[in-house]
Every structure is written in structure tokens, then in C-alpha cells.
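If you scroll down you'll find the structure; I have some questions about it.
Chain nomenclature is as follows: A, B, C and D, assigned in order of appearance, with residue numbering initiated at 1 for each chain independently.
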Amino acid sequence: MNRVKIIIAGPRGRMGSEAVKMVTNTEHFELVAVVDHKYEDHMLSDLDGFHSIKNVPIYSTIEKSLQSVECDVLIDLTTPEVGMHHARTALQYNVRPVVGTTGFTKADLEELEQICKDKNLGCIIAPNFALGAVLMMKFSQMAAKYFNDIEIIELHHDQKLDAPSGTAVKTAEMMAAVREFKEQGHPDEKETISGARGAEYNGMHIHSVRLPGLVAHQQVLFGSDGQTLSIRHDSYNRASFMSGVKIAVETVMKQDVFVYGLENILE
Amino acid sequence: MNRVKIIIAGPRGRMGSEAVKMVTNTEHFELVAVVDHKYEDHMLSDLDGFHSIKNVPIYSTIEKSLQSVECDVLIDLTTPEVGMHHARTALQYNVRPVVGTTGFTKADLEELEQICKDKNLGCIIAPNFALGAVLMMKFSQMAAKYFNDIEIIELHHDQKLDAPSGTAVKTAEMMAAVREFKEQGHPDEKETISGARGAEYNGMHIHSVRLPGLVAHQQVLFGSDGQTLSIRHDSYNRASFMSGVKIAVETVMKQDVFVYGLENILE
Amino acid sequence: MNRVKIIIAGPRGRMGSEAVKMVTNTEHFELVAVVDHKYEDHMLSDLDGFHSIKNVPIYSTIEKSLQSVECDVLIDLTTPEVGMHHARTALQYNVRPVVGTTGFTKADLEELEQICKDKNLGCIIAPNFALGAVLMMKFSQMAAKYFNDIEIIELHHDQKLDAPSGTAVKTAEMMAAVREFKEQGHPDEKETISGARGAEYNGMHIHSVRLPGLVAHQQVLFGSDGQTLSIRHDSYNRASFMSGVKIAVETVMKQDVFVYGLENILE
Amino acid sequence: MNRVKIIIAGPRGRMGSEAVKMVTNTEHFELVAVVDHKYEDHMLSDLDGFHSIKNVPIYSTIEKSLQSVECDVLIDLTTPEVGMHHARTALQYNVRPVVGTTGFTKADLEELEQICKDKNLGCIIAPNFALGAVLMMKFSQMAAKYFNDIEIIELHHDQKLDAPSGTAVKTAEMMAAVREFKEQGHPDEKETISGARGAEYNGMHIHSVRLPGLVAHQQVLFGSDGQTLSIRHDSYNRASFMSGVKIAVETVMKQDVFVYGLENILE
């Protein structure tokens, strides 16, 4: 198998630097360039943290990089505005984009889908590359067809400001879409201290635990007569996103369609 | 919707008595008869434990029951030998069987499949009706495509004789069928007390915990850089099988094909 | 060692019937009589559920039983009113009481303590005999001296009416008594769905999960930089109380003082 | 309250650099010097990673530091050989040592204990400063008096070479010292795959899970009729040791005796 030739945009970001590590450590991947508007005419090995990564040129724009090196896939880990321009441009050069940003508009997504169709090219846009978290949500949705008594416990470090977490709400939405509605708990249940039964979403309950020491964890519990099923994801650090990026790169080379959401490339 | 008319074979067994309870407590189900070779010419309400269940006749053979009452589905919770005869006979009377026994031979299954095809009738044979356990195995298999570092911890009461449990071995088999093979653990890892790393199955490890107080529990753990995913089923009592039987009855009325294994009717 | 001679009051209750089983199954215990106001002039083996327990007479009052048989310990599993009379009477006959009821008044407890002092006899009154739950609370209190970031998750079947559970509130009280006060969570944290952060008790948070299938479970989580500690108790059925009763009987024979609360006889 | 004046020996090590962070972030602590044989005549702020820590001189020997600055406590995070010399010297200067190394000999410990007695000074030597892990072991030992059915599950990253972990073996030893002996599991239990029931230690069973993504975790499970109790510690990074060092510093100022092991200063 030929190695997949990859350009990474945003190599100095927290996700980007993990992606550089993942690509250079994967045998069938090859990092051919990076895009960084701050460092024209340098090599990646000139930058702090990348001294050991040899022979990878930096280009200040996506256009220059695509004109200068041969490439199969663009991994973009920048911002929604830049990401859209990068994805559109990559497709014009017949390069398949794997983009990890939230915040694309509906119009953006439709435009990219149309270009993919016209050019018969794959493109994957994924707001969440944490493979385990995506599987947790997918399995939870599947289980919600059979169990309609469900509670979510999400646990994070105590610097997190919002409760419930975005992942918990998204999981609840996905389950509500397929679950037979039920107002859970006993009809006469009573909170002797307010808030004990957690946040309610569509009859389900969500509990947000915040403690120093914790990182990012979520457990979805399903109950029925005599049994419980639980699905839990524990994320300890940013490296957890890279297995998702890797699968996306492998998949985008095989599929000639536009895909939004990592869950849609997992069987 | 018309209520589904049901005959139960084996009503006095541990599963059977739970099934009687489930069918009579489900609004869209109707128990029209039971088959019990020991109690001809009685009503079910004559038997200990069933006094409150009125108007359900007992027949000593499947044939008599099918000739005497109108029926849609047979729930069979007897033995493999009896179960095969019951399923074959039910199909001949255009009644759809839901059978919860292990131990059918390959020839048995092929014969039933052929009858279903000829008569255009549904039939479900399921060795395991514990919905949560079946989903745990199904999700584990799906996750094993993406994570090839996997350990199983199964926990049971200390009266259990075999280790690992049958469910743990079956889960490992299902995962091995799709997982990219890997000899897990560090190549140089060393047990300072023999057995610490558990049982090995195809490079995965299985750990069997036995304690008084426990009932039947299994957790499948998946790990990759910076994250873990875990899927756990806790079974507390036999009632846990009944949600699976209920779904099987509902499904067998809608599908006109032979199905082996509850996992194959879950989407 | 001589076997401990035991009278049980309230043998037909849910706790009482478990106690009969425990006492008759413990080699160094001997059941010499039971007290049941409904069944004078019978033997325990005459009653449903006790047919196999031979040679144990039933007395209709505590006085009659104490006058008729030689005895070391009274296990009382009746009601607070009856229990107080039973305990007082037992002590007058130099029999040591082990009483498992809540609801004794302060005056009751002081009276019993005085009698114990006067007669130099042991007596144990315990509102909760679930050994594991009592240890969970004790350990949580000890840990709360060192970790002041604490959250409680309690999980029960969905027929439970009150949230949080009494055990959760009691655990929080015990911890608040020794914990350095802290208003937990980020000062700017915000609930986007009300209730997400649970019930607040003295700056700690309590979350109540209710699902069919669950029995009675509680987990106390402690967090600090880079680590979490968690203590969990799972109760599956009433038999879980009996190890506590057993330890209380063994202890009451060795200690000549009044004790309130199982936690105070555990070292 | 006066701030505790502290010297840290070994500031560039992994534990040492965390200790510098902890001491400078604790309001009632003051870092007055560090000992580092490599950097005479420098300030700590000259070294990489410590640029923001102002006004802390480096001395090349413990003697020079003790002669140059006024100090209450020495935190030593070097090696056993150096640590012994440091502790002995500190005590001679009436400075109380808190030493975090394993490997002291029995003679070393006895010598230090004698000096403490002679000078009426506190000194704490602790092979493990992870507060949560120490509490887990302490609670497990307490619970082992009441539950003699115990299994340990320890979970670590897959780069760990030995199984079971040192902490698991130490926990088992501590429990065996107080637990009523029992050969656990059913007498007729049988491993269909060898190793399933884990490592055996004194009749208890230990299971070692190894997966990428995991850090360092241990769960001790206790079972009896109808209930289980479990105590779990999760360690995510080295910062977890610092709460133990902090408590040791606070305690060594109040106690005028020699103590070995963090567990012996926790009530």
C-alpha cells in the first residue's frame, strides 16, 4: 500500500501538535508539509517541540502548500473560518479534507457536499474526533430504542463552567430522537433538597459531577426489570482524539462522498 | 391493535413463571393457554403461585392446546428436545414460535428455517433473552473493530463453578471475529504471582471475580491513547430476561423469517 | 466456646425471618425461643416458612420467654415502642439486647444507658445493620478530613419516593462535621438545565439516580489534584443486614456498655 | 500563623518540581532555598521551568543551605543514600525532615528515630505520598476485619512490566494481617482457561488489567450475603502525591516524634 501523503494545517495548536505526532508515528502515513501563516520559509524542525521532525516544509497559505507538494489528504485543525477556506481549496486541488472543527454553517456544509459530489471526492468534517466518546453516543442511542429508563452521569474537573456538558446534552438529544417517551422516576417522587434528581431532558435525568482530579468522563445508565446496562467513556488527555483522526484519514481515502460526524463512518 | 394471543409451554419453570407474569402484565398480550404435561384438565389458577391468573386452561400436549384455542405465538421455555417438537408443531398450526433454549442442533435449526420459508412465518430461537447482555455483546463487537486492546472482567457469586463465564467467552469470540489481532500487554511483562494477568483468549485477557453478594455482572474495557471505553451489564434477577422475550414476541409477529439469536432482531 | 443462646422478637417480619435464618445457620449461635404475640402455644416449626426449624418455642410476650428459657441475647426486630419495652425487660433479666429499630427517643436511649451502667451489661441499638453501608459512611467521614471536594451519587430503584436518600443525607452530615468547609465547583459555574449540579449540602453535591433494575447503591467520590478516591456500597437484598446483626451479637457478649450505632463497635 | 519555612532537596526531579510548585502555591508555606549539587551560586529562577519563582537561592549541599537560611522543614525527594544524609543533617540543625523515598534500611530508620527522641523533633519518612492510595489501603485493611471475601482489581497502562502491582501486593499483605483466613471461591471451581481466577494471595484473588489509556487505578472489592463494598483509587498524574507531602509538612511541625509511613499520621 502506498503511504497516504498528508498536509496538516494548524500544527502548533493543541490538537495540531498531537496530529503531527500521530501522522509521523503512523507507518502508512507521511507528513509532506504543514500550513502555518506565521512561519514562511522555515522547516517544521525549526519550531519548538518539533526539532526531531525532519524534511517537512512550512507554507504560509494552503494554496502555496498545495502547489508545492503532492498530497492526498489535508488534516485541518484550525478555526471554522479558516477551515472552510482550507477545505474548499483542498477539494479544488483534488485533495481530500479531514476537518476537526465545530461551527460550520449549514450553507458551508451544503457547499462542501456539492463540491464532493461534483468532483467525486471524499471529505470528512467532524466536530468530535474522540472515538470512544462517539461510540458511547452511538451505542447509547441504539440502547435507547430498547430501554426507555435512562440517566446520564457526566463527571469533569471543577474548572468546567457549564453543566450539563455539551456531550451529555448531545447524547440526550440523540437518545430522545429514538426513545419511546417516558417521564422517569416515581410520579410522586419528591426532592427534599432541591436539585437531587438532576437536570431533566425529555423525561431523562442528567447529573453533573465536578471535582478536582477528574478529567472528562461520562456514563449512560439504562435500567429495566432486574438489570442495568451502562456505557462509560473516560478521556484522560488530548491524545484520545488522534485515533479518530487516523480512522478519518483512512476512511476518506476509500469513500468518495461528503460525511459530517465521525459516527457516520463507524459501522 | 389486536392483542397478541399467546400459549406458554413450561409455565412452572423459573423462566416460564416469569413469562406468565410478563404476558399477563402486558396490555397488548393475552395468555390463552399453557402447556404442562403434568396437569391435564386443570386451570392455571389451580396451581401454586398462579391463583390470581383466571381463565387460562392447561393442556398436557402442544397439539391439544393448538387444536383447542386460537393463538398467534408460542413461547417455549422447556428443554431442547421438547422445544424442537413444540416449535415444529406450532409452525404447522401457523403459530409463530419464540423459543428460549440452548442446545438445538444445526439440523434442527435448518429444518425450522425451511418450514418458516415454506409457510412464510416468523420464528425466533434465542439462547439468551437478557436484552442488556445481548446489547453488551453486540456493542463490544462493534467497538472491537476500532479498539484492539480489550480486557473483560466478569463478576459472579462464589457458587459459580466455571471461570471464565460462558458469556465472557462468547463475548471474546464475537470480538475476536472482527478485531485486528494483537498480543496485548507489554512484550516483557511478567507475572510475579501466577495468574495475575488473567485468562488469555486470542491475545485479550479475561478476569473472573467471585464473591458472595454478587449476582451476574460483566464489564468489557477498551483502551487506546488517552481514553478508555467500557460497557457493563449487571443482572440482578431472572426478571431481566423478560424484556427480551417481550421484544421477541413483538418482532416475530412482524417478521416472516427464521431468526437465531436475539442480537439479530436488534437494530 | 459456649454457644450464644438467643431469643428473637418479631420472627415473621422481613428482617426477623432473615435473622432466624442467620442464627440457625451460625454454628456458635443457638435459637432458644421467639417472641410473637400472635402465636402462643405453638412451635416455630408450625409457621409457614419455618417448617424445618425444630424445637424452638413461641411465646406471646417477652416476659414469658425470659421466664421460660435460659438466654444470653435478645435480638429485637419489632417496632420502636415494642422494642423499648423488650430491651428494658431483657436487661432486667440480665439478657443483653441487640435492637434494630430507628425512632428511639433521647430519653429512651438515656434510660437504657443507665440500666446498662447499673447492671454492667452490654446493649446495642442500631438503626442500620448493613455492615457495608456503615463502613462506607465511616470511611467517608475519615476521608473527608483530607479531601474537602466531595460528591455523593446514590442510586435506587424508581419506586423510591424521596431524594436524596436518608443514607446520603446522613453521610453528608457525618462528613460536614469534620470537613473543612468549601463551596465546591467553579465560582462561575452555571446550570444550563436547572438541577444539573444536584442537591447542595454544606457546599457538597448529592445526585440521586432512579432506575428500574437498581436496588440500593451509594458512591462517595473524593477529588484532589491528579487523583480521585471513591467508596461504594451495593446492597442487593435484606440478607445484607445479617452480617451486622451477627457482629452485634458477638460484640454485645464481650462489651459491658451501652452502644448506639453499629459504627461505634467497628474499630 | 507563621509561614512554614521550607528547603527542598532535589528540585529538578519529577517529584521535586511538583513539590516546588506546591510549596510556592501554598499560602502558609514559604520556599527559602533548594539543594541541588549541580547549580551552586545560582537562583532557582535561573533554571528551566522555574523562571517565575523569584528569590530562592540554590545551594550545592544540605550543610550550606542550613547554614545560610533559617528553615523549619526539609522536603527531601532525592535518593535513599542522599536522603539519609540529608535527614540526619537536617535534624542536627533542628530542622524537621519530610522524606519521600523507599529503600531506607532498618538501621537507618532506627538511627533517625533515636535522633528524633534525643532532640524532641518530628520527622516523617514516607515511601508513598499518594494520599488517596494510602487511605484506600488503610480502609481496605479496616474492612478486611469484617469481610473475608476480598478481590483486588488493579488497572494500569500497558507499559507496566510487573503484575500484580506493588500497591496491590502491599494492600493484600495489610489485609492478610487482620483478615480471618479463607480459601475463597467455590471449592470445586474450575478454570476452563488458565489464569481466569487471577493471582492468589493468602486465599484472596488479584487481577491485573493492562490497557493503553489507563494510568494507575486500584479497586478492592468486599462481598458478603446480599452486599458488596468497594474502595477505588484513581491516580491520573504526579500532582496526586503533593497533597500527601503537604499534610506531612503540616503534621511534622506539630508532632515531635519519628513516623514511618503516611498512613500513620492519618487518623
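Everything that follows uses one rule, which is that a contact is a pair of C-beta atoms (placed from the backbone, for glycine too) under 8 Å apart; a residue touches a chain by one contact, two chains touch by 3 or more.
In this text the structure is predicted, and so the values were computed from the model without any measurement.
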Notebook entry, point to check: Quick check: more C-beta contact pairs in A-D or C-D?
Noted result: C-D
Checklist line | From subunit C, the most remote chain by mean C-alpha position | finding: A
Notebook entry, point to check: Taking each chain's centre as its mean C-alpha position, how far apart are subunit B and subunit D in Å?
Noted result: 49
Check: How big is the gap, in whole Å, between where the Cα atoms of subunit A centre and where those of subunit D centre?
Finding: 38
Next item on the list: Report the inter-chain centroid distance for subunit C and subunit D in whole angstrom, where each centroid is the mean of the CA atoms.
Entry: 36
Check: Where does subunit D touch two or more other chains at once, residue-wise?
Finding: 213, 222, 224-228, 234, 236, 240
Notebook entry, point to check: Touch graph of the chains shown: is it line, ring, star, complete or other?
Noted result: complete
Checklist line | Of subunit B, residues touching subunit A in the complex | finding: 130-133, 135-136, 139, 142-143, 145-147, 222, 224-243, 247, 266-267
Next item on the list: Going by the contact rule at the top, pick out the subunit C residues touching subunit A in the complex.
Entry: 149-151, 153, 155, 158-164, 169, 184-186, 188-201, 205-214, 221-228
Margin query: Please output the residues of subunit B touching subunit C within their complex, sorted ascending.
Written below: 213, 215, 234, 236, 240
